[in-house]
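Note that the chains take the letters A, B, C, D, E and F in the order they are written out, and that residue 1 is the start of every chain.
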Amino acid sequence: MLHIFILFALFFSSTSHASVQDFCVADLKGPDSPAGFFCKAPANVTVDDFVFTGLKLAGNTSNIISAAVSPAFVAQFPGVNGLGLSIARLDLAPAGVIPLHTHPGASEILLVVHGKITVGFISSANSVYVKTLKRGEVFVFPQGLLHFQVNAAGYKATAFASFNSPNPGLQITDFALFANNLTSALVEKTTFLDHAQVKKLKAILGGTG
Amino acid sequence: MLHIFILFALFFSSTSHASVQDFCVADLKGPDSPAGFFCKAPANVTVDDFVFTGLKLAGNTSNIISAAVSPAFVAQFPGVNGLGLSIARLDLAPAGVIPLHTHPGASEILLVVHGKITVGFISSANSVYVKTLKRGEVFVFPQGLLHFQVNAAGYKATAFASFNSPNPGLQITDFALFANNLTSALVEKTTFLDHAQVKKLKAILGGTG
Amino acid sequence: MLHIFILFALFFSSTSHASVQDFCVADLKGPDSPAGFFCKAPANVTVDDFVFTGLKLAGNTSNIISAAVSPAFVAQFPGVNGLGLSIARLDLAPAGVIPLHTHPGASEILLVVHGKITVGFISSANSVYVKTLKRGEVFVFPQGLLHFQVNAAGYKATAFASFNSPNPGLQITDFALFANNLTSALVEKTTFLDHAQVKKLKAILGGTG
Amino acid sequence: MLHIFILFALFFSSTSHASVQDFCVADLKGPDSPAGFFCKAPANVTVDDFVFTGLKLAGNTSNIISAAVSPAFVAQFPGVNGLGLSIARLDLAPAGVIPLHTHPGASEILLVVHGKITVGFISSANSVYVKTLKRGEVFVFPQGLLHFQVNAAGYKATAFASFNSPNPGLQITDFALFANNLTSALVEKTTFLDHAQVKKLKAILGGTG
Amino acid sequence: MLHIFILFALFFSSTSHASVQDFCVADLKGPDSPAGFFCKAPANVTVDDFVFTGLKLAGNTSNIISAAVSPAFVAQFPGVNGLGLSIARLDLAPAGVIPLHTHPGASEILLVVHGKITVGFISSANSVYVKTLKRGEVFVFPQGLLHFQVNAAGYKATAFASFNSPNPGLQITDFALFANNLTSALVEKTTFLDHAQVKKLKAILGGTG
Amino acid sequence: MLHIFILFALFFSSTSHASVQDFCVADLKGPDSPAGFFCKAPANVTVDDFVFTGLKLAGNTSNIISAAVSPAFVAQFPGVNGLGLSIARLDLAPAGVIPLHTHPGASEILLVVHGKITVGFISSANSVYVKTLKRGEVFVFPQGLLHFQVNAAGYKATAFASFNSPNPGLQITDFALFANNLTSALVEKTTFLDHAQVKKLKAILGGTG
């Protein structure tokens, strides 16, 4: 048996000296590249690099939208780097709303695990697709399109959103318009919103200009 | 106002005569292509094409593995065609096992929503990564590698698996070896399994040869 | 010489019987697939399939935005099918605005060929990037992010936008919110806009609900 | 045992009703798409769809270049459709030359199985990389760059070229310039070749204009 | 209002601590990777990283081809890194010619903004597609194929070429053959050009060997 | 002539100052990224970076499988980094077997150059495709599926396998099950193999647990 094992080892050595890997756990301290972060050295990778426990508890919904998005994107979950997918948890209090938003680089599948959620998206052709989902139902949002999720019942709702990118991005329209230094003049010109409306939401969301 | 609307319509018409879409709901009756199925005509697409309700109920686990995999891949959920992702539900009775398998064309994120599940995968470098997950924990399996899920508690477990392909494939090693007409001689030669072992499992799993 | 030619023909015939091509001019009458339209039969392809003359003249800017977008996407210019790029012309009258919008499936390079244009985009991290461009200057907009173009002078401006997709899509935020049947209630809930503001813009842009 | 088998069948049926496949053998009679040909119906696929025997014999080298290229691209070997790779056989008589050419859509690895072959490519930065290969040596040509293969010994040589595309294309510079109806005037203007030289090669290679 | 803002901040902080970005401005001082250069740190990115002004003025056409190509590829315009597109300016004096060339890694759309330009490409099937374009007309060149641009009028012409790669490459056939140290013997063998012709062009274009 | 050359140089300089390249020879000492290794500085690249001579001689088949796999993947052949393909040599002594295995990230074309080899793969739909190949015949294995190669004659066989990835990976089922520290309990649970069988193969292949 020992003899066989040694012979086997000879074979195995001819294919095992490669340092390349079939995963690339992100080294978040290093720089980023267009394809993602550098790989942590394989010798330092452990099973815990492939586990994320940060979605176990509900996010804090005591905020303006009565909702929370808890991402397990590459910045939070380095194990998904280079693997082409990620996940996030959505918690909605009874009045909870995930405001109109896009993910610039990914499609999304939403799975409702508790409560009822009204979801919708608008296509490039300007068609509206709206549905109220119950527990266990799933919905797919095509890449890059405006969409939203709204609690559709009088009690808490929880859902999980899967993305086909480790870094799907999240651009909430209201924050893009009202929560930064984009001038009111430009917001008004490019959205036709009234001046008073823009000023009011900039005040609420902390925007300047 | 009417005047403005008409002017607007003029603008809008210059960009809206395109028949192209930002999704491509599969026409499963048509042939397949390397990039997926043909698109259903946009005019016939409704919101229900983006909803899948087939994962609401637990799959039937009264089988040899005490487990069930319920896929929402493109063949079941035509709305994911061309969108680069899909999802499946896993139900494991107390003794439930999803046997060693691969998805040839996708990475996977597993989310445990009920119970405890021991998961693991083996890398190309032959390292083993095993972990027992609790409710709300997620695990990522790199593309194409052998992996498994086993109920780790005395009660039912449920999980959802997300994939970065609408058609991830599923190749269960045991079925590939013992549930078809691959001859016992070839199975033995290419796996070093004993003849009696191969014959026994072929009998259980319905294989011939 | 004739002899040599015949020998050549023998060689050439061994590689030329392939029907496959290095382009795939769209047959817009056929169905679409996730990778684009079917290819027109190579024998029917002529040089005119690779030419588009529809951008020679300024678009009609007598509309609500005093601007026009003239696309040469795959629906207008079938020659770009499968080639991974397309182009569009932008005309802005003195008060012209291309309102806040995204291209769900493409990045964009804008080239100003006449006049001055103020452009801007907002990142996922909510940073604002705004610049006024003169003739001959170019600007790159990363994929899927909200951006706009506004005439920055008292005279007409013209620009050309290139995209890395034959079908980049165009989702104008205002149209998505106010020019379809998405209910006012949902618009208000998911944008925090006031009821009066929503009703006003729905009236202007022809939306219902 | 029968009981177990039935239970197994229940499990298996829940995952096996998909018509989707993990390969897509080309139906060459159907139209092409940007991602390749339609898939032959899975039920009609046999093992012979994955075999190609057309490279067993040397190509006919009794021609102007004393060489032959025998492709197993998708047009000859439908099994590679959608799988991202293909292969070709090169035969070079003692004076054999595969003239300067590119593959517009693929990189290439050349493996010499008989004889000696001088290979070379020129980079975008205009650097020249030339090497004479012996039996068993391999060489990689980066995508889309001009390259050539020349017999480097006084006896026959054989090589196999692998490509990372089922349809790599083959554009021989001489044929593109002199074996079609591109006018001599345009050839001369865009290559600086003398009129007499252009006319001479057009005569040899059968070009007109 | 302050209270609301603080609640909002709580929500926002849960999604904003990611260092990942939706663009990746090249750090040209760092090494390159197969997917492009490393990303400049987001904190150091400004709007000017997305602007390129180097195409405002005509290139110098006082040269052998009476023409100039001014690229805004990733090496000149780091903002396009990872975004999948780039642009270049072409200036042609009355006798100007962009000689026969390929872009190994990209398709191209040419837009004529001044003058008249005769363009053409040759397909893998050796078909010739030639057209004379006027101002405002566009033409698409499929990836990797030989093509050219020639001034078609007695006055200056200007065009802009868009590419679906930040690094499309540019291989001018004449330079590859005659402007480096590829030996005359190999040039002659792999192109069938006469010795005198090769020597003449090597002398003009500065080649050796 | 000198004058012309100087003019040419002016033109050429406008396009040659780019440091970007059309290849990316791996710097194996640097870290890896999801798209491959960093590029060696272009100035240090020589023609030998594109040559691999390690497949000239037969691998050592004096081992448990009477076979050898000699890879020219990116870890052995840095020139293929970023180019999307690689190659390997297979040697099989008369009783040689390449045991059941997958390549997680690539399809494969096998070319038999000496002897006879029985090859086979199993699809996701559990169909078996088996064929005995003679010299000069090729076979394509779709990405990620279980397959094997077995010597089919009483003499040595040699084959070359091409892959559409510079890092295809290699996961031999037996090694994944029996040649590491995956516990016997988990192997038995996830494969239905008998305890004695598992222990026996773990002993042969050096596994623990």
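We adopt the following convention: a contact is a pair of C-beta atoms (placed from the backbone, for glycine too) under 8 Å apart; a residue touches a chain by one contact, two chains touch by 3 or more.
Chains and their UniProt names: A, B, C, D, E, F = Germin-like protein.
Quick caveat: nothing in here was measured; it's all calculated off a predicted structure.
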Common touching chains of subunit F (Germin-like protein) and subunit C (Germin-like protein): A, B, D, E
Reference subunit B (Germin-like protein); chain at largest CA-centroid distance: E
Chain whose Cα centroid lies at the greatest distance from that of subunit F (Germin-like protein): C
Same or different residue numbers at the subunit A (Germin-like protein)/subunit B (Germin-like protein) copy interface, by half rule: same
Copy-to-copy rotation for subunit A (Germin-like protein) and subunit E (Germin-like protein) - C-alpha atoms, rounded to a multiple of 5°: 120
Computed distance of Cα centres, subunit E (Germin-like protein) from subunit B (Germin-like protein), in Å: 41
Geometric centre distance via CA averages, subunit C (Germin-like protein)-subunit B (Germin-like protein), whole Å: 34
Centroid distance [mean C-alpha coordinates] between subunit C (Germin-like protein) and subunit A (Germin-like protein), Å: 26
Two or more partner chains touched - positions in subunit E (Germin-like protein): 18, 21-22, 33-35, 104-105, 123-124, 126, 130, 142-145, 169-170, 175, 179, 204
Every chain pair meeting the contact rule: A-B, A-C, A-E, A-F, B-C, B-D, B-F, C-D, C-E, D-E, D-F, E-F
Subunit F (Germin-like protein) to subunit A (Germin-like protein) touching residues, read off their complex: 28, 31-35, 59-60, 62-65, 67-71, 73-76, 104-105, 167, 169-170, 175, 179, 203-206
Subunit E (Germin-like protein)-facing residues of subunit C (Germin-like protein), complex: 16, 18, 21-23, 42, 46-48, 50-53, 55-57, 72, 77, 79-80, 83-87, 107-109, 111, 113, 121, 123-126, 129-131, 133-145, 160, 162-164
Complex interface listing, subunit D (Germin-like protein) residues touching subunit B (Germin-like protein): 1, 4-5, 7-12, 14-15, 17-22, 24, 27, 30, 33-39, 41, 81-82
Subunit D (Germin-like protein) - residues contacting subunit E (Germin-like protein), complex: 97-100, 102-105, 118, 120, 122-124, 126-128, 130, 142-146, 148, 150, 169-171, 173-177, 179-182, 186, 189-194, 197, 200-201, 204
